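Residue numbering begins at 1 within each chain, and the chains themselves are lettered A, B, C, D, E and F in the order written.
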Amino acid sequence: MLAALRCMVIRDLTLAMRHRSDVLTTVFFFIIVVSLFPLGVGPDAQLLKEMAAGVVWVAALLASMLSLTRLFADDFNDGTLEQLLLVPQPLALIVLGKVLAHWIISGLPLVLMSPLLGLQFGLEGDELIMLMVTLLIGTPVLSLLGAIGAALTLGLRGGGVLVSLLVLPLYIPVLIFGAGAVTASAAGMGADGHLSLMGAILLLALALAPWASAAALRISVE
Amino acid sequence: MLAALRCMVIRDLTLAMRHRSDVLTTVFFFIIVVSLFPLGVGPDAQLLKEMAAGVVWVAALLASMLSLTRLFADDFNDGTLEQLLLVPQPLALIVLGKVLAHWIISGLPLVLMSPLLGLQFGLEGDELIMLMVTLLIGTPVLSLLGAIGAALTLGLRGGGVLVSLLVLPLYIPVLIFGAGAVTASAAGMGADGHLSLMGAILLLALALAPWASAAALRISVE
Amino acid sequence: MFNLFKFASPATFYPLAGRLAMGFGIASAILLAIGLYMSFFVAPTDYKQGEGYRIMFIHVPAAWMSMLIYVVMACWAAAGMIWHTRLSSMMASSLAPTGAMFTFIALWTGALWGKPMWGAWWVWDARLTSELILLFLYIGFMALESAIDDPRRAARASGLLALVGVVNVPIIYYSVQWWNTLHQGSSIKIVDGGVESSMSEIMVWTLLVMTFACWFYTIAVALCRVRSIILEREANTSWVKELLQGAKS
Amino acid sequence: MDKALLEIRALECVRGDKQLFSELSFSLEAGSLLHVHGPNGSGKTTLLRAIAGLVLQECGEIRWNGELVTQQQDEFNRELLYLGHHYGLKFELTGYENLKVFANLSGSETSEHEVEAALTRFGLAHCVELPVKVLSQGQKRRVALARLLLQPSKLWILDEPFVALDVAAVELLLEVIRTHVASGGMVILTTHQEVAVEVGSLQHLHLGSSVRQH
Amino acid sequence: MDKALLEIRALECVRGDKQLFSELSFSLEAGSLLHVHGPNGSGKTTLLRAIAGLVLQECGEIRWNGELVTQQQDEFNRELLYLGHHYGLKFELTGYENLKVFANLSGSETSEHEVEAALTRFGLAHCVELPVKVLSQGQKRRVALARLLLQPSKLWILDEPFVALDVAAVELLLEVIRTHVASGGMVILTTHQEVAVEVGSLQHLHLGSSVRQH
Amino acid sequence: MSEWFAMGGHGLYIWGSYGVAALYMIVEVILVVRRRRSLVQRLGRMIRMKAHADLEVPK
């Protein structure tokens, strides 16, 4: 079981390393989108500080979503996916491996970049840490939920935008609690409630999303 | 000359009408992204009103950029692009026709939707009109500049994210003046300066971008 | 400055570039040593900013170089587009990484200077923002180039991008005048042949020495890099074969 | 004989690190056909695309009417019809709509009737209303070829035009080519099939390991 | 003679509102070749895809080894190799990588050496390291055909395999087909070209306005 | 001495700036030189092997 999981993760990471630029572009997209807001809203430091958490979180949502469209697409196009459906392991496990690799490639870098972006918006100390922690719990959920959408839209024309329609609504709870935790801690209120809710969401997603994606994959490949 | 332009526009619109869902998804993406912000930032009405213009504009940038990746891709894949390079009309004119069609499909709906979204953020009267007017001048510039990026990344792996890296920096002046005009008029200052600057940018883009895209297309087709 | 060699063929340019790179490298090392000595031991403490202003001697040259390199790069790209000279596009792509590095240094040192002076690491001021955009432009240039397999097509595509992006440079330069911002305006102006400045003379000299050091450094590194690029793209020509065989046997 | 309309001088094309041909020169006058031969990968397609201006040559020049084509791109394109490996059809549009778009873009006034006649001539009368994507391979090819009847271009560049066509369609295409050449047109084509492209003034060009010309 | 391995009974295919063929029956035993003839759009491709299970027939049945193929999809797929109009290659990968992927997916243990040998046989030795997208049309086709040498399938379904190949490659492919049939394989193919596909047990099937069979 | 390093309280900022700048420049020089050296090696080996092959094949 665990060996199969490890094998999938390593395979996907190796593939990603072959085109390193793909990995970097997700991070740059994240940085650019975050940097766009101050330009649109104006340089008022107080305003920027208040919207910081929301903006970083929305940008993380968008970046994760965009990189998702390619989660299964390459495997689907070259027929590897069919083969993966036939290996003697639970398909959900395979999916979990792919999602884990996807998170390491596109979620983790966002988490690591976030303090820098927070600094640009004038966040400090605790708020920065809170931003990082919420993203650390939240981005795996984004990858897990997104995998369902990516599996459903596999092989469809214009899949890119379609996936955003399916997935973004699912992301909303994570967004509310994630950004909410940062805002609450900035306002001096405890964010424990938010964090434990997010933890619960993560566990739930971890338990259910792989099965749902596996089912969706079977439908799409048929 | 004009006949050829008209023919290109009509052709692309006909094609778009054959898959109407593509057109709708851009608008929905725009609406969803805008709607995410109140969820991330929290329900503070004053804050929302101040960031309204910036948020709508950034969402317009992202929506336009996402729909761009497919501007030339279909024609490239089925070999039509080659033929378009060979028609006895300036290639820039053909590109202009395609960009115009793209704007009608993906830019105009955003302009028409924007007052509704502005209302949700508590904008009123003049500000709403200003938001619409700036988008009306600005979105064609987005399509024009984006065409350059789309032409440059034609046929490349992972073109989708790459195009955002190339194009978003070029979008920034439009964003600054567009959102700035709305903010200025909300603050009671005249926005004439901003508007005339945007007009100048539009004219400049209209004059130069088709040529640049045409050159980029010639490079990509080879 | 590079225009001298515009029409030279890669075969004759390659050894010349080697010698020039060595010369500029040595010159830049000497200037750097002098410049650093001046900035820490000769230049006096500023009456307003204390010691912190010494960041200027690296910040300002880096910021200048970041813009200058982009313009030079665009010029080479334009030359490559117009005259189809192979060397021009190679020069353009050899400048990009150094330009990106100086842009990053300008941003980094600016941020480190901003904290003690303005009390914030970063403000969304026009100049700072446009410098950030310049970094994205450099990265976009390099990403596009590396995404296209065929080197000749890559050179032409990224050259076009450089030309389109060059409109951003005047925006950076004039942003301080167009928007009134926190960031300082030009303190050195060139008025009919003479240099006029609000700084003390010794500071201006230090700044100039450091600027020239960075400039020579850029030339040396770019020439060295272009030699690699020439070898890669011309690997099958007979002169490369002779050169390498001669070097190895 | 007339002055040569199309002149190629010392053309050289390089793809990647491979020199496909060099020092290639020939000229073509009105009313003649050039048949380019050569094994797979010898550079026939590249040569044809270079003449059409879709590929940049390494060195050499291509002249039309005595002038460099790069200096009269629009006029040259008006005289040119290039059909390559790709069909260049939009699969979502019908055959009729496809042809109409090309006719409009080429600037010629083409009536509805003419388009229908061209389709009928190529045996597509019963599928004008089908989107091109459901047509069979040979039918797609026929739609693309129907452009030959609609655009009054002088120079036809046809890259393996006989592929996927059945015997009747090959006959028809040969007939069309013969008529074109007889009325003063020029054709450059490649094909691996054994077809009898016999016309008045016929030239052969062999690409491959050693470049010969006769 | 053996019992027929592949049996088609009363097959009927409809595309859109058009009935392409109906009541089509034939059978094929080991070591034989079926050549499907017919003009453009007569339904050859549709028939081949129906046999391969890529298109659902309207009525009729297809049996392999006496059993319906729908009930033994996996076993049937193991015995089948279908090459259609599309190349089925990933254009970003090299020829070598493409073949390796197919070999791995088919579950056969194919060594590096075998793949290289197949590519060399098809004259691609000097472009193993190029991504397929830069190859010429005929070279792409050759890469796709090299699969024939690597997968130990019994039934080959080849839809116009000679397209884009030069004379040498056509010869080579004929040789490969002959060897396969001689060693007990089965081949179904279509082509509009005049090629001499003469093997031991040869059948012809004519599709078109009137469906005949001999 | 340590007073000089403190730079009137701005030491961290100044040394942070100069340090990172120096680091970047040194790394860049090393990368450029290494790239050229490995390239010369690789191409040289390739060319020598080709020369060998050309010599052997005709015999």
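Here is the rule we use: contacts are C-beta pairs under 8 Å (C-beta built on N, C-alpha and C of every residue); 3 or more make two chains touch, one makes a residue touch a chain.
Predicted model, so just to flag it, every value in this text is computed and none were measured.
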*Quick one: which chains contact chain B and chain C both?*
A, D
*asked:* Quick check on the contact graph: shortest path length from chain B to chain E, in steps?
replied: 2
*Any chain that touches chain D and chain B*: C
*When the CA atoms of chain A are placed over those of chain B, what is the turn angle between 0 and 180 degrees, to the nearest 5?*
180
*Shared interface numbering between chain E and chain D [over half = same, under half = different]*: same
*Far-end chain from chain A, centres as C-alpha averages*: D
*If you tally contacting C-beta pairs, which comes out ahead, C-D or A-C? Let me know.*
A-C
*Once you find the CA centre of chain C and the CA centre of chain F, what distance in Å lies between them?*
18
*Take the average of all CA coordinates in chain E, do the same for chain F, and state the distance between these two points in whole angstrom.*
54
*Hey, how far is the Cα centre of chain A from the one of chain E, in Å?*
43
_For chain B, residues contacting two or more additional chains_ = 19, 157-158, 162, 165, 168-169, 172, 222
*Listing for chain E: what residues touch at least two other chains?*
none
*chain F: which residues touch two or more other chains?*
none
*State the interface residues of chain F toward chain C in the complex, per the touch definition above.*
7-10, 13-14, 16-18, 20-21, 24-25, 28-29, 32-33, 35-36, 39-40, 43-44, 46-48, 51
*Where on chain A does chain C make contact in their complex?*
21, 24-25, 28, 32, 35, 38-39, 42-43, 45, 48, 119-120, 122
*In the complex formed with chain E, which residues of chain D make contact?*
15-16, 38-42, 45, 85, 123, 127, 130, 134-139, 141-142, 160, 163-170, 192-194
*Show which residues of chain C lie in contact with chain B when the two form their complex.*
81, 129, 133, 136-137, 139-140, 143-144, 147-148, 153, 156-157, 160-161, 163-165, 168, 171
*In their shared complex, at which residues does chain C touch chain F?*
45, 50-52, 54-55, 58-59, 62, 97-98, 101, 104-105, 108-109, 112-113, 115-116, 217, 221, 224-225, 227-228, 231-232, 235, 240-241, 244-245, 247-248
